[in-house]
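As written, the chain order gives the labels A, B, C, D, E, F, G and H, with residue 1 at the start of each chain.
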Amino acid sequence: MKSELIFSGIGGQGTILMGKMACTAASKKGYNVTLSPAYGQEKRGGRASCQVVISEEIGSPIISEADTVLVMDEKSLKDYEGKVKSGGTLVINSSMISTKATRKDIKVVEIPFTEIATKVATAKSANMVALGAVVKSLDIITLDDAKEVLKIKMKPALVDANIKALEAGYNFVK
Amino acid sequence: MKSELIFSGIGGQGTILMGKMACTAASKKGYNVTLSPAYGQEKRGGRASCQVVISEEIGSPIISEADTVLVMDEKSLKDYEGKVKSGGTLVINSSMISTKATRKDIKVVEIPFTEIATKVATAKSANMVALGAVVKSLDIITLDDAKEVLKIKMKPALVDANIKALEAGYNFVK
Amino acid sequence: MGDKVFMQGNEAFAEAAIRSGCKFFFGYPITPSSEIPEYYAKKAPSEGLTFIQAETEVSAFNMVAGVAATGKRGMTATSGPGFSLGCEAMSYMSAAGLPSVIVDCMRPGPADGEILGSQGDYNQLTKGGGHGDYNTIVLAPYSVQEYADFAPLAFDLAEKYRNPVVVASDGTIAKMMENVEFPEKIAPKGRSDWACDGINGRDHYNDITTCGDGPEQWEKYNLNLQSKYTKIRENEQRWEEIQTDDADILIVAFGSLSRVCLTAMRIARENGIKVGIIRPITLWPFPVKAFEKFADKDVKYFVTELNAGQMVNDVKLAVNDNKKVEFYGRLGGITPTPVELYKKLCELYK
Amino acid sequence: MGDKVFMQGNEAFAEAAIRSGCKFFFGYPITPSSEIPEYYAKKAPSEGLTFIQAETEVSAFNMVAGVAATGKRGMTATSGPGFSLGCEAMSYMSAAGLPSVIVDCMRPGPADGEILGSQGDYNQLTKGGGHGDYNTIVLAPYSVQEYADFAPLAFDLAEKYRNPVVVASDGTIAKMMENVEFPEKIAPKGRSDWACDGINGRDHYNDITTCGDGPEQWEKYNLNLQSKYTKIRENEQRWEEIQTDDADILIVAFGSLSRVCLTAMRIARENGIKVGIIRPITLWPFPVKAFEKFADKDVKYFVTELNAGQMVNDVKLAVNDNKKVEFYGRLGGITPTPVELYKKLCELYK
Amino acid sequence: MSIVYKRPEVFTDEYKKYCGGCGHGIINRLIGEIMEEENLVDKAVLIWPIGCSVYADKYFKTDSICALHGRAPAVGTGVKRSCPEDLVVVYQGDGDMVSEGMAEIMHAGIRGEKFTVVFVNNSIYGMTGGQMAPTTLMDQVTTTTPYGRKDENTGHPVNMAEIISGLNGCYYSERVTVNSPANIRKTKAAIKKAFKYQMEGKGLSFVEVLSPCPTGWKVKPLQALKWIDDVVTKQYPLGVFKDCGQEEK
Amino acid sequence: MSIVYKRPEVFTDEYKKYCGGCGHGIINRLIGEIMEEENLVDKAVLIWPIGCSVYADKYFKTDSICALHGRAPAVGTGVKRSCPEDLVVVYQGDGDMVSEGMAEIMHAGIRGEKFTVVFVNNSIYGMTGGQMAPTTLMDQVTTTTPYGRKDENTGHPVNMAEIISGLNGCYYSERVTVNSPANIRKTKAAIKKAFKYQMEGKGLSFVEVLSPCPTGWKVKPLQALKWIDDVVTKQYPLGVFKDCGQEEK
Amino acid sequence: MNRVTVDREMCKECEYCLHFCPKGTILKKSTTVNKMGYYPAEAVDMTDCIACGICASVCPEGAITVEKNI
Amino acid sequence: MNRVTVDREMCKECEYCLHFCPKGTILKKSTTVNKMGYYPAEAVDMTDCIACGICASVCPEGAITVEKNI
């Protein structure tokens, strides 16, 4: 089994954090995991993305086509829509992206992360909403796996709110 | 016609100057001339030597075997005795070298440069005595050629004394 | 070996270096290498390390030379621009026989360029960025685990041959996160008989100098260096062969890009093309031996690099027939995808 | 052309550079290059030159970059240790397209080594001492006259391609004295449209930068550089062929050592061995074309260098058959004599 | 109607890569304003360092050169010697100048190069993610001084405006900051004066600007301004350290 | 019978490559004498620069390292950090320190490295044949200032003992000379004090020695000594610029 | 009347203009993000504006235009 | 009697010892060169020597040995 994910957005949106959590969840289940981050040269407001490869044998950290792509801002959509494997999933942060995806051969999920996050927790949890939506598209990682990781990685005080966000994202996707 | 010379001594003994004068004389007669100096890393008291090649066509600045070798100090004798072509000339500064040359297949000329120079001019002209001795061994450059160059290169006040030294060196060699 | 930890390449390398007894780090920050000094800074008090942020890379390399001269383990880490500044010191440390370790996290040059993955320093690292005839062992890891494994290996090789060793990672390996296992800490070794750490009871004094004393002496000195290099060439060529036995096409690739090739190879094989991989692990000495057994076979070589074609010349020299060797490179920080490489391969060999 | 003057290599080069309109010299003293700055210092008042003794080679190279960026002719001169320090700037100037001229008077490395003739910086100069994919044109003179001739040529090439040009002499050529003829002084050229010398009425502003703006942009930037290098490879290979027509053995040698080979060749021919010489004049681009017409002939190649074997790899790549190529090198500042080379030749080919 | 403030024409439309609240933005703007006010756009060659201001060449419609890290004074020397009538501005960060480029700036001062140095001291390496600079304050936490800067490994902060003023070749050296409207006005006056001296052919004119780096300092922009008052200016007193123009009067 | 003076045992029999009358010889000798008198031979690591003293490693029966040109303080940092109990002597020429190695010495001072710097200021590049150094005096003729050092291209001489004393990390800085028996005695005392501070674990101890270079100055040795009195000390006043050991008392 | 205009897309939410405006009622943070994800400053009420230009003089982005007596 | 000995082959003819010797009669330059071509200093007359050691203390070569009451 193999799963290839791309998370892309602006620095500060937590794209790398999401990738790390996906990796942790998968590696707990015995998979090889590789996370390759990419940053622009700006400190804040710059590009920040990562490619996550979950697989049984060691292979390319660079993804030809991703099973799931998460885009957090307009530029990410432009850059990464083409990267989704035919039949794969594109998760779009509709809180910041007004443009529509054009591909018809993939599943497109639009979710207003910030709005949902604000509703169930605070705006800061938008990335957990996003992670929930991504997890929904995966076979390798379940919602419970993600919750486990979240419990380990986050300060106890933040766990509950973020689990709510995670679930909200997960459940938003039909 | 081709002539290859080596001048070797300690910095300050004027080995390079002698080489330059030989070159100037030969190039006035239309030859290709190449002078390659070599210095040790010391400022004073270090090694200073040069190889002079006088020839009709451009060729190696590095000499396999020299027609004439001039050695100004002990170390030079040790280093360069082997460099004289069979049948060539080795000119030895016996003012500073007490060791004897060992080769039998070459012409060895021992001259007390300093003593002669002191006699006909001052100790400073020792290198002109040496040059005179070297010129004697050459076909390409005559004593008159050397005098010409000396007149051009030296301060007028020094010319006479140095010409005397030159002649003394030239005439010393039988 | 302990548990697996999910860690970034640079941090894993730093941790492994600390465990292998490297107590001294001197360095100047530069992306994508800065996590190594930062890790040392963080661990300094608890591990009893000396971490000094040097004023320049020139100084950092020379500080490492100073520590190495005392026989202790020390290192620096940088990227292309900094390595270029360190070239004089590389030449010096090689001449002086100083067992230092230098990490070059390659990024796309020339000049300041970009900060992603690249292999554009291959020539600089293997042909001598610095002046004169010298060589340094260059290890190119392709995973976080191997990156970490190369820390003790680099020091061991450096000390075995009294020669600088470069670990050549890149923006991708440096920043990549994977699971890694570390060895136990090793005990610090004793004084080295040749080192300048003060006589302190030793029965002789030591002298480290790289200033020649006349051409004869200096030629001899150089010949000694050269015979050391010959020995290293004989003993230390390292490479990995992957499915080469039945291969019609051998991909030659190292470091981060060889990982991409793994997947490209699998795609090719799924499509019935018999592809194998030769992965140079030591870039210097270049593993010419890896190519020997294919000399009489009718294989083609597909060299791919994150540069404009540098290692490809070493492959050509090893294969001794330029016509058998094709090259594909990407520049500027772009790493090709497995599918891109597979397509290129099809294009070239159809 | 005026009269012949008996002059030292470095001084002749400096005089020729002044005549070719190079009004700026920035440099740091190092044997065997120091006569170039000293000549500039001496001539500065009468010729209206700017001579600045830089604090380091790092600075000198970057000062030259500054002058070149304004479109004026400027240069520096150094030797191996200094060139190593300048490697980052070489990478920078190449990336930035700055038409600068750098003289490397090679001496025997590694490290400080010795101060006589050497060709040990061949790899550094031709494979990029600095990081990333870049190339600089490298001219290797073999006589004082050619050294002087390369001053205007270097600037012309630098400006034609907006690329740094290295003049690679060595301790022997630098210090050697021969007769030399100089061309007339050339008139200074006008402003360059691309240069950063202040807008001052120009209809656009100029920008020189080597910082990438994302990998796509930076790949494109690199591809532009690469296509420039391809053009230079096509147009600027220079070499001299000497008695190659009937030769069974071709000596390949450059710079000071090729002079020794001339005499060695004559000795060989006197002894009935048909020897010719291919003398690379541009070390980069390496004159691969010189070898083309011998591809089908049964000639052997005897490569000799004042190093441990650097150019020999380029010869092997050009010849495409390692077995045809033999190498002989001397190190440490020793230049072999013509007889020594001749004997070696006999030994290898008998 | 009159325009009280409008973005200078000399700026391009390029989006600036600085973080929100970064002092580089203010200082860049002042340089643009002065060049425009003093009619120097046509004569200017701006030399940018490697650091957060490395992309500033894209922000100005003037000739611009990006130097290597630390080498801006060397490049500036080449440019100014070649074009003595131009306005040459050597812009440097503190990592760039005080660490990597210590030799270059000292010797530009020693030689008395006739250009203007605008030295942006934010007491940290911005671009590379917040490592210590030689100007980092005692006990300041950075990624390479995670327990605060301590004497032992790193010594004390370096006061460049003072050191440079001690060199014979320096004509003018002042330290200013941009943490309030009044201080921004003074910064503008200082840079303007430096440009004036340069155009008069005087020796090195040096303006050190204490500048907020909210990202590197890991605080909000407004807190950064306050930290300058509370802490930074204690180590780095504001003021004129040398002004040969003043002395001449 | 008693021996008033005998060549120290710590010297090898190697012929010294210095020119006749060179100050390096005297300073080398003093270092040897002190090491012997203070029982430091066993603990010493001498770091030599590229310059006329580059062969000094061959003159001493101690551990010696020849550093690259300008980098002795960096190498010294590595050595002293590795062997804090050793006597680490960083020996530098003026070209080496003030030109090529300006960044290294400034930062050794800034960090307060706990070694001793013996700075041999002969106001010229000896080894390479007499070029200008940053310490060359105004109007001094050298091969790169053939018409005398002038302000325009080269600025003014640099007073290192003063500059270094201004850095926090410097514990002791003194300037001495070796042009007379009395001055040689003072030089020996200064170096001895520096070694003492180092062995006590204090910060940077810095001794600048004005040293004759008859060859570079193109004068006879005795004239060189006189020139130090007449000219050199006017630019470079002798004296203690910092002595924290004194202040502590 | 005077006018302060903030270029919405240039603003990076540093709040310098808000903080240093001597009046305090003129500028406010927007409630929606711009393309780069910042909540930019906007001029909400010009009543008290004296066109002193202070907001513009502290803006690192040059994002503010101040006009007097429009 | 005291004794000053100059190592003939070490001496480089700087004349420091001659110059600084408070007596002036003890040391002189040799009339013949040593191997390196220098006219070395030599102790010619020990009569006035007070074994102050000054000659040795100024010698760059460490060429001089001074002994007291031999």
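Going forward, a residue touches a chain if its C-beta (ideal position, glycine included) is under 8 Å from a C-beta of that chain, and two chains touch if they have at least 3 such contacts.
Bear in mind the structure is a predicted one, so any value in this text is a computation, not a measurement.
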Least step count from subunit E to subunit H, where 1 means the two chains touch: 2
Chain pair with the greatest number of C-beta contact pairs: C-D
Separation of subunit D from subunit E, taking each centre as the mean of its C-alpha atoms, in whole Å: 39
Chain centre separation (subunit B, subunit E; CA means) in Å: 62
Inter-chain centre distance, subunit C versus subunit D - centres from mean C-alpha coordinates, in Å: 29
Touching two or more other chains - residue numbers and ranges from subunit C: 50, 52, 55-56, 58, 81, 88, 92, 111-112, 116, 210-211, 214
Where subunit G touches two or more other chains, by residue: 12, 36, 38
Two or more partner chains touched - positions in subunit B: 41, 45
Residue numbers on subunit G that touch subunit E, as the complex places them: 2, 9-10, 12-16, 19-20, 36, 38, 51-54, 56-70
Subunit B to subunit D touching residues, read off their complex: 20, 23-24, 27, 32-39, 41, 58-65
Contact set on subunit G toward subunit A in their complex: 12, 33, 35-38
Subunit A residues within the subunit G interface of the complex: 10, 12-13, 45, 73-74, 96
Interfacial residue positions of subunit F with respect to subunit D in the complex: 50, 54, 66, 68-70, 95, 99-100, 102, 125, 128-129, 131-132, 134, 143-147, 153-154
